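Working notes for the structure below.
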Amino acid sequence: MTDSATTTTGYEAIQEWQEQLYQDLHRNPELSMEESRTVEVVVAQLMEWGYDVKRIGGGVVGTLANGDGPTVLFRADMDALPVEEATGLDYASEAPGVMHACGHDVHVACGLGAARLLAEQKQQWSGTYVALFQPGEETAEGARAMVDAGLADAVPRPDVALGQHVLPGVAGTVSTASGPVLSAGDSIRITVFGNGTHGSMPHLGVDSVVLASSIVMRLQTVVAREIAPGDFGVVTVGAIHAGAKSNIIPDSAELLVNVRTYDDDVRERVLKAIERIVRGECATAGSPEPPSLTYYDQFPLTVSDPSAATVVTTAFEAHFGADKVGHLDPVPASEDFSRIPGAWGDVPYLYWGLGGFSEGAKAVANHNPAFAPTMQPTLRTGTEAAMIAALAYLRPST
Amino acid sequence: MTDSATTTTGYEAIQEWQEQLYQDLHRNPELSMEESRTVEVVVAQLMEWGYDVKRIGGGVVGTLANGDGPTVLFRADMDALPVEEATGLDYASEAPGVMHACGHDVHVACGLGAARLLAEQKQQWSGTYVALFQPGEETAEGARAMVDAGLADAVPRPDVALGQHVLPGVAGTVSTASGPVLSAGDSIRITVFGNGTHGSMPHLGVDSVVLASSIVMRLQTVVAREIAPGDFGVVTVGAIHAGAKSNIIPDSAELLVNVRTYDDDVRERVLKAIERIVRGECATAGSPEPPSLTYYDQFPLTVSDPSAATVVTTAFEAHFGADKVGHLDPVPASEDFSRIPGAWGDVPYLYWGLGGFSEGAKAVANHNPAFAPTMQPTLRTGTEAAMIAALAYLRPST
Amino acid sequence: MTDSATTTTGYEAIQEWQEQLYQDLHRNPELSMEESRTVEVVVAQLMEWGYDVKRIGGGVVGTLANGDGPTVLFRADMDALPVEEATGLDYASEAPGVMHACGHDVHVACGLGAARLLAEQKQQWSGTYVALFQPGEETAEGARAMVDAGLADAVPRPDVALGQHVLPGVAGTVSTASGPVLSAGDSIRITVFGNGTHGSMPHLGVDSVVLASSIVMRLQTVVAREIAPGDFGVVTVGAIHAGAKSNIIPDSAELLVNVRTYDDDVRERVLKAIERIVRGECATAGSPEPPSLTYYDQFPLTVSDPSAATVVTTAFEAHFGADKVGHLDPVPASEDFSRIPGAWGDVPYLYWGLGGFSEGAKAVANHNPAFAPTMQPTLRTGTEAAMIAALAYLRPST
Amino acid sequence: MTDSATTTTGYEAIQEWQEQLYQDLHRNPELSMEESRTVEVVVAQLMEWGYDVKRIGGGVVGTLANGDGPTVLFRADMDALPVEEATGLDYASEAPGVMHACGHDVHVACGLGAARLLAEQKQQWSGTYVALFQPGEETAEGARAMVDAGLADAVPRPDVALGQHVLPGVAGTVSTASGPVLSAGDSIRITVFGNGTHGSMPHLGVDSVVLASSIVMRLQTVVAREIAPGDFGVVTVGAIHAGAKSNIIPDSAELLVNVRTYDDDVRERVLKAIERIVRGECATAGSPEPPSLTYYDQFPLTVSDPSAATVVTTAFEAHFGADKVGHLDPVPASEDFSRIPGAWGDVPYLYWGLGGFSEGAKAVANHNPAFAPTMQPTLRTGTEAAMIAALAYLRPST
């Protein structure tokens, strides 16, 4: 991939196949938990290369047992987004209103590429390689679905789990970090209740608009007063809705709240404070009915294992060159990847970033209708990163 | 009408005709500013009785000049509501989703009944009687439309203007008052602007949900602190809307505010305070764009003239008996009636209530799908009230 | 008093005595519940005129039984204020920091004047006259003290109770009204508790400043949303105090709240709402200790009896002339007078205003250090008003 | 000091002298900017050892030029606190209400100890040593006073500046860090203006209690919404004061606000947001007068130089043993030390922590009346730390 690479991976032999595969995936995006076509593509390929293939919870796991040694799991997510593509690419989405705007097609293509190279080079390593393809990451459903469907029993316990995400960095680079790399994310749908009445007779009701507004103001104190200064915590009320006419006081109001944290204690503290404030304000208002709080889109914290970070970063620097391996700063996005290693309790894991854009080109953020990673060297780097990280565990030390 | 009535009105002769007319109107309700069929009914009748008829601004004015003497104007409104009727009446609405749920069909029938009786009894009075039928009261459009279309030039300046409304009182009774009887009503659509951003990066934007909530809290101080205790003023935020997802901070938020007052000074004070607070909070928030405030559904204050109240109440008591004439307490509903006498500057006016429900029966509030005044004695009382009030001015004193 | 007066009162004979008495009282003001010297003056005079005198709860009651007929009670309050006099009068206060700045010296002088005239003219009336002199009105203590000390048992139940107050109106005039004339007043000392901590570590405590501020904002909704528009209600937070240094979060915060209402139902509603809001906000804040709410300076509602208003107003108009008798608009001040008739349950009462300033002169408000009613015709009008009002009940109709 | 120490410092020879000196300083604490006795002690000692001594801005600087080489400045602060000592020590404060409760007596004793050892061992090093003794740290006045009095001209520009603080750690240990170690601190006295009025007539005034409370609520959004999540920022309203009586709406309200930050950009952002919010809320309230914001007790950020941290930490580990050298976590306290190196523009500096309490003993926090560091090995460690850090620059490399 670069002159400084000290390892040959045999990538050239699969490049044309992979680029075609990638374009096919990009043309045929599927929404979360509806990835049936993608699953068929993945299953067919893994079986062709001799993997023991299982369909679990809407996803696929291919296991390649290759003698004694550690077990390494590499996870790719498969779902697309309800976005109308606006990239102008030759291979743009053919599904109206659906698009691989988060790059999960890159993840699948690289995951299959690494699975193929490892299958074709079994003489170079020893142990067990598990290629996992997950549905429904965007809705926080997929990893849980696979775990609930018996992932831990279907696959040997890995010694390490690996995952990557294409991001607005320079193609050809990867970035790693130890510790928290992605935040926990929790959304809460809060409905609070008043008593509807004519707008000119407020004393005959309980004003749910005032109640909801008061909650919004009070929620500001959670971050400002209840978590330690410098601790990462975000409480956003992204939506507030109540009423339809100026002169009718509505019965109820709805708030959509999003919480982001990098620490489980802080998360617990924030969620408890939100519940206390919502219930307290309802009492203050004389609300006639308890509030309803429904959690949704809950993403766990992603905390890369320090030892895995050292092992893999060292291998990346050896292969790609130190100038191609950067530091992954924590970002307030969320992932359900960590639920996969969590299936076995406390399997260590590493999650790294994969640059996807030409140097100097304007990077477009994930989820944008114009999100279009450059095919190369993105696919090659993502494929080799998965392979090299796995080999850091599976290659016999000599 | 009652044993104690000291005046004969000749009502019996028109009762059957009027009840048929009323049922026809009830079956054929028309929405505000679309009252074409009703207008044709009114025009045909007034012409039949010898009125000089003009179509003005969607309404009708019939003038009957009958010698020297005062000019008296009686106004009836004609429009129905977008309500699906649920009365079960034989003569229920035949227009899907439209209903005379506010009783304006009673007003038209009584207005025509009085016009007929006065035309048939010209020997009993002297002066000019103006029967005015107004469109679009519910949307505050109709009176203004007639004034803008030249009402003041088309009709002689009245010495007094009269109007009535059927209400949830006992049929056979009327209620009058001097001074403020209906509130001024103002609605304001307020849009405030933030800067949208991802919910996890609030520092990159301006949070329009917090801004809108802060305005709601601050608006509470207008009534609590800025008008004199005991002054009537209501500021209701009937609706608040912003955002769609928990993790996206929205660009803007919308509030629908309703203001009710019984005094022009209080109204001015309240509206100024609202504007000051909205603009002040936008500055506080660092809002990137000035707020937009759009007034709509603005109803003027209705203040019955003390002298007219005395004249008409006395006549009512003489005709109906004192036990049938009550006091009309101010209610926080609104009307555009007062714009009609306002066409000539400061013509005094009186607005009275007409009971519409049998004693002991559960009265159903105006605008309810089950609103169904009892035909009698409601029609007779409403017709005689209009006639007696006019004659209080038009009958030569002997 | 005026040419139109149809009654002679014999006032001229006592004028010099009364003016000396008044100046003596003004020179010797006494604070609430410390009116010992004033009590001695009152007792000595009443005994001299043949009253049956009792000392009750810090006050004095003189009863003059004069044959069959109604019992009329007239009440005057005696206490002065902790104000440093700044009138420049010859007869200014000789007690440093204490002043008759509310005109209770006028009340005592007139009360004694009327008692003397009635005693000297016993042949003109029949019944029982009760001259009551009350301590501690300013602190809402005196009326309650007399009631608690057995007033109801010590004195015959009156048929009517009368009281007056010198106000910034024109001397020589009186003003009466039926219904609510003085508001109920309630003060509440509210202490709310947080957990103190260093200002840089808010997460280790509970911020009592934020809690108190949130309560202030929420209290605005009581008047704005919880009482009927147009109902008189005031909720003022007159003081807020917490903390001493910028970087120490204080343990607790104190609010002083004042409530004014003209209706017992509204008062109950407001007080309940305040308690609900304070407790609710403490729950919202996670306050470690229940709030403390202590009521003080509680004044009852003053609601003049309609029948008494008619009887006395008619007598005033007959005596003073209709042009000297005005309407007493309700003012948001408070009094404990109504506790006196309340001692017997539901004795009707009337409370009127007494003008105290020369026409054209700038009236100075009660409680101001420069408050100086003109001696005449204030004293004469106040004396005659008490006498005439009493005689309206006590003079045999012929 | 410990077995693992590889350097001898000659400390034993000065221990008795130093302990006496320390006890004398502890017995004679002096408040900020009143350190005259301490200054005399310092001046006398430095002169005795051959330093070139200058009195500057209430402090003392002793310069020891000893041949070619770098210039190293070591700063100690001298002032005590207005705290009544409650330690029970033999050598407790003899000044009523004043106490060395922050350990500046340790700093002075160690600063003099190091100055003495370096003067006695001039053959071991080459360059210039500057021993600086600063007044008024607690009030943020002293460093500025010395700079304003011409420090930069009076002393050669140092290559590095050093400082230390005794903290609740284990005696015998030191702790260092690179980057921000102490926060910037800013206090703001904010006065906002209303219009006073009687509590029952809020419409005649502008309620400063509501205005101040609204500002407190709005200030919560600064940390919650305007700085990046995870950035360190604290906005505390430590005090709020307005009004004296429940029924008087006060003219003005005062807030004392404290801000803590670890980054100049964040600090600027927070201060601007506070000013915007205060002014915005005053506009919202219709405040009749602009608010007044007065900054006080402003402490700069303390950011240790990375290179100095490496040089000194290495020297500390070599001398004390690695197990005695810990990491200094940033604490939200503040210091004016950085103003001293700031006198010359951008002189790098290092600030380290000195443990002061026996292992297992309960550490008492600075500023507590019971704050009593154990004399040894605290004094020895603090003296040697200053000496070793200086020698890391001054000792010729061989």
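Residue numbering begins at 1 within each chain, and the chains themselves are lettered A, B, C and D in the order written.
What we mean here is this: a contact is a pair of C-beta atoms (placed from the backbone, for glycine too) under 8 Å apart; a residue touches a chain by one contact, two chains touch by 3 or more.
As the structure is a computational prediction, the values presented were derived from the model and not from experiment.
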| item | value |
| --- | --- |
| Labels of chains that are neighbours to chain A and to chain C | B, D |
| Chain located farthest away, centre of chain D as origin (C-alpha) | B |
| Distance from the mean Cα position of chain D to that of chain A, given in whole angstrom | 45 |
| Centroid distance [mean C-alpha coordinates] between chain B and chain A, Å | 58 |
| Between chain B and chain D, centroid-to-centroid distance (C-alpha), Å | 72 |
| Contacts with 2+ other chains: residues of chain B | 200-202, 207, 210, 214, 217, 220-221, 224-225, 229, 231, 234, 260, 332 |
| Of all residues in chain C, those that touch chain A in their complex | 200-203, 207, 210, 214, 217-218, 221, 224-229, 231, 269, 273, 276-277, 279-281, 283-286 |
| For the chain D and chain A complex, residues of the former touching the latter | 217, 219-225, 229-235, 260, 262, 330, 332 |
| Touch list for chain B against partner chain A, complex | 183, 185, 187-189, 198-202, 207, 209-210, 212-214, 216-217, 220, 234, 236-250, 253, 256-258, 260, 297, 332-333 |
